[in-house]
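Quick one: the structure is below, questions incoming.
Read from first to last, the chains carry the letters A, B and C; within each, the first residue is number 1.
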Amino acid sequence: MDVLLLAVELIGTFAFAVSGALLAARKGFDVVGSVLLSSMAGLGGGVARDVLIGYGPPLALQNPIYLAPVLLAVVLVLTGLLHETRLRRTLLVFDAVGLSLFCLTGTVIAWEAGLTELACVLLGITTAVGGGAMRDVVANETPQIFNPRGVYAVPAMLGAVLAVTALSLELSLLWAGPGIALVVFTLRMISLRLGWRVPLAGRTFRDSGADSARGAGSETE
Amino acid sequence: MDVLLLAVELIGTFAFAVSGALLAARKGFDVVGSVLLSSMAGLGGGVARDVLIGYGPPLALQNPIYLAPVLLAVVLVLTGLLHETRLRRTLLVFDAVGLSLFCLTGTVIAWEAGLTELACVLLGITTAVGGGAMRDVVANETPQIFNPRGVYAVPAMLGAVLAVTALSLELSLLWAGPGIALVVFTLRMISLRLGWRVPLAGRTFRDSGADSARGAGSETE
Amino acid sequence: MDVLLLAVELIGTFAFAVSGALLAARKGFDVVGSVLLSSMAGLGGGVARDVLIGYGPPLALQNPIYLAPVLLAVVLVLTGLLHETRLRRTLLVFDAVGLSLFCLTGTVIAWEAGLTELACVLLGITTAVGGGAMRDVVANETPQIFNPRGVYAVPAMLGAVLAVTALSLELSLLWAGPGIALVVFTLRMISLRLGWRVPLAGRTFRDSGADSARGAGSETE
């Protein structure tokens, strides 16, 4: 089971690392920047989870194998074997794969550390959305999680809740895991395709629509 | 006393969470983005403090009650019960309440963890300004702490120093606490109202004022 | 030796703190913003290293002396004793000094914490590039590490690998250290002067060059 967990971690790392390498290519970063951005996307969520759980160095630092999927992702993007298609969906597909796997592994690893159910769900979400958020923040983009088109954190939360439920019921994640990941992935991709929107977070100023678009910097003057 | 500390933490969390939800509304994020940004604003400073103190999982992960003020803030902004007024001061008022409460709780929690006076002050400041900084960085804004209009970190530092002084003198924070928070809040709000400015950090190039505004990206070419 | 390590840490902290204070001046931040940005630049890499190693509070919080170089840097920039020259190289020179010293101290401190060789190298790189990355992210700039002109992380990685090699061979870092730092610094400065470029991270869309420059935000719509 631990080998299986590691395998899923590595596949998720690869998926997010590809999303980082593709973003690096799009932003015109060089190979080293690509390695750094891919590392952050692929390993950032898990590192944040391990720091929050608070035992010793993160798994990704203890086990060199975590670097393999990052380097593979960079090479595949560098050589052009993986690239943005005309449909511009490649980054989003890999991001969705990472999301669906990391909400599982994050929850399971928090569970094994003996945290409460709620903490497991929160750390599952953190693991799932953390790497992508770091990727976007460091690349000076507004994070994908805030893109109002499609749902992002909701599938991750659903996956984490389902995983905690399965763990509580002592179901075998060998069987439940793939099903949960598939649900999360499908939900994310369908939401993008159909342009699902979650309701907006509130009303902006009624008096000046133009002003409200200018963002907080100007509003707080 | 511990219940009181928790109550102050929760009120501060609520205040910062409102500032996050208002910013999410202003930026056009959806409800889920609002929950994430509010969590970051409300819980980020305390989580950073707990990670830096370095014992186990952060308080906000261990105790589910911390999520309540975040969700309440999101609901109040979503339903329009709290919104940006014409004066555009709402976000800043809630931000100031959080600032004045978190410089207290951050200092007290660091003190109870047995850190030195200086470390307590630094962690008090970190708790007070951390959540707001994360909120702004993640929303791709230049953080409020760097807005040259009004003073921000200075009141937080003053509050942390006063709190450490009170703790050293074994004064009851039951009495000293509200006074300190009031001083910090008043100082922050007056500085905004009067447009106090701290002296700028240095001179820019004399030869090209236009260039200096373009920022570091272009200067380092 | 421990005193020597601390001395090198403090010099590196000073160098990065100067880079932070210069950026704060350039961005028009005030003195307090300058202290915060300088602290982040000077102390951020080491704090990240200590949090990842995962023992108690970071060195910079335990030892008040770490604040001295930060305050000195702010004062020197504030008084104009240090300022951006016409050549606009000052920030980059101090940044390079910090880079060359922190890849050493980060690696040595991780080594003394008993981590594996690879983890030492990774933490050396994190220490060296972390503070500068935080400085740029918090100031809402695209981090220097992603600037395709000149090499940045490569010299840091080389320095960390050389340091681990020296530690493995039980060489005296009293002698090897200055040599390694000089190699890293020289490599960084020459790369800037000659405009070395690492190959780009991948190809962008062939069909629309103009679109690809608009960045991820628009692509993911």
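We adopt the following convention: a contact is a pair of C-beta atoms (placed from the backbone, for glycine too) under 8 Å apart; a residue touches a chain by one contact, two chains touch by 3 or more.
Which protein is which chain? UniProt says A, B, C = Membrane protein YeiH.
What you see is a predicted model; the values in this text were computed from it and never measured.
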{"item": "Pairwise touch network: line, ring, star, complete, or other", "value": "complete"}
{"item": "Superposition rotation for subunit A (Membrane protein YeiH) onto subunit C (Membrane protein YeiH), Cα-based, multiple of 5°", "value": "120"}
{"item": "Centroid spacing, where centroids are CA-atom means, of subunit A (Membrane protein YeiH) and subunit B (Membrane protein YeiH) in whole angstrom", "value": "26"}
{"item": "Contacts with two or more other chains, residues of subunit C (Membrane protein YeiH) listed in rising order", "value": "51, 54, 137, 140-142"}
{"item": "Touching residues on subunit C (Membrane protein YeiH), where the partner in the complex is subunit A (Membrane protein YeiH)", "value": "51-54, 115-116, 118-119, 122-123, 129, 133, 137, 140-143, 145-146, 148, 151-154, 197-205, 207, 212, 215-217, 219-221"}
{"item": "Residues on subunit C (Membrane protein YeiH) engaged by subunit B (Membrane protein YeiH) in the complex (per definition of touch)", "value": "21-37, 47, 51, 54-58, 61-62, 64, 67, 74, 77-78, 80, 83-84, 86, 88, 91-92, 136-142, 144, 147, 149"}
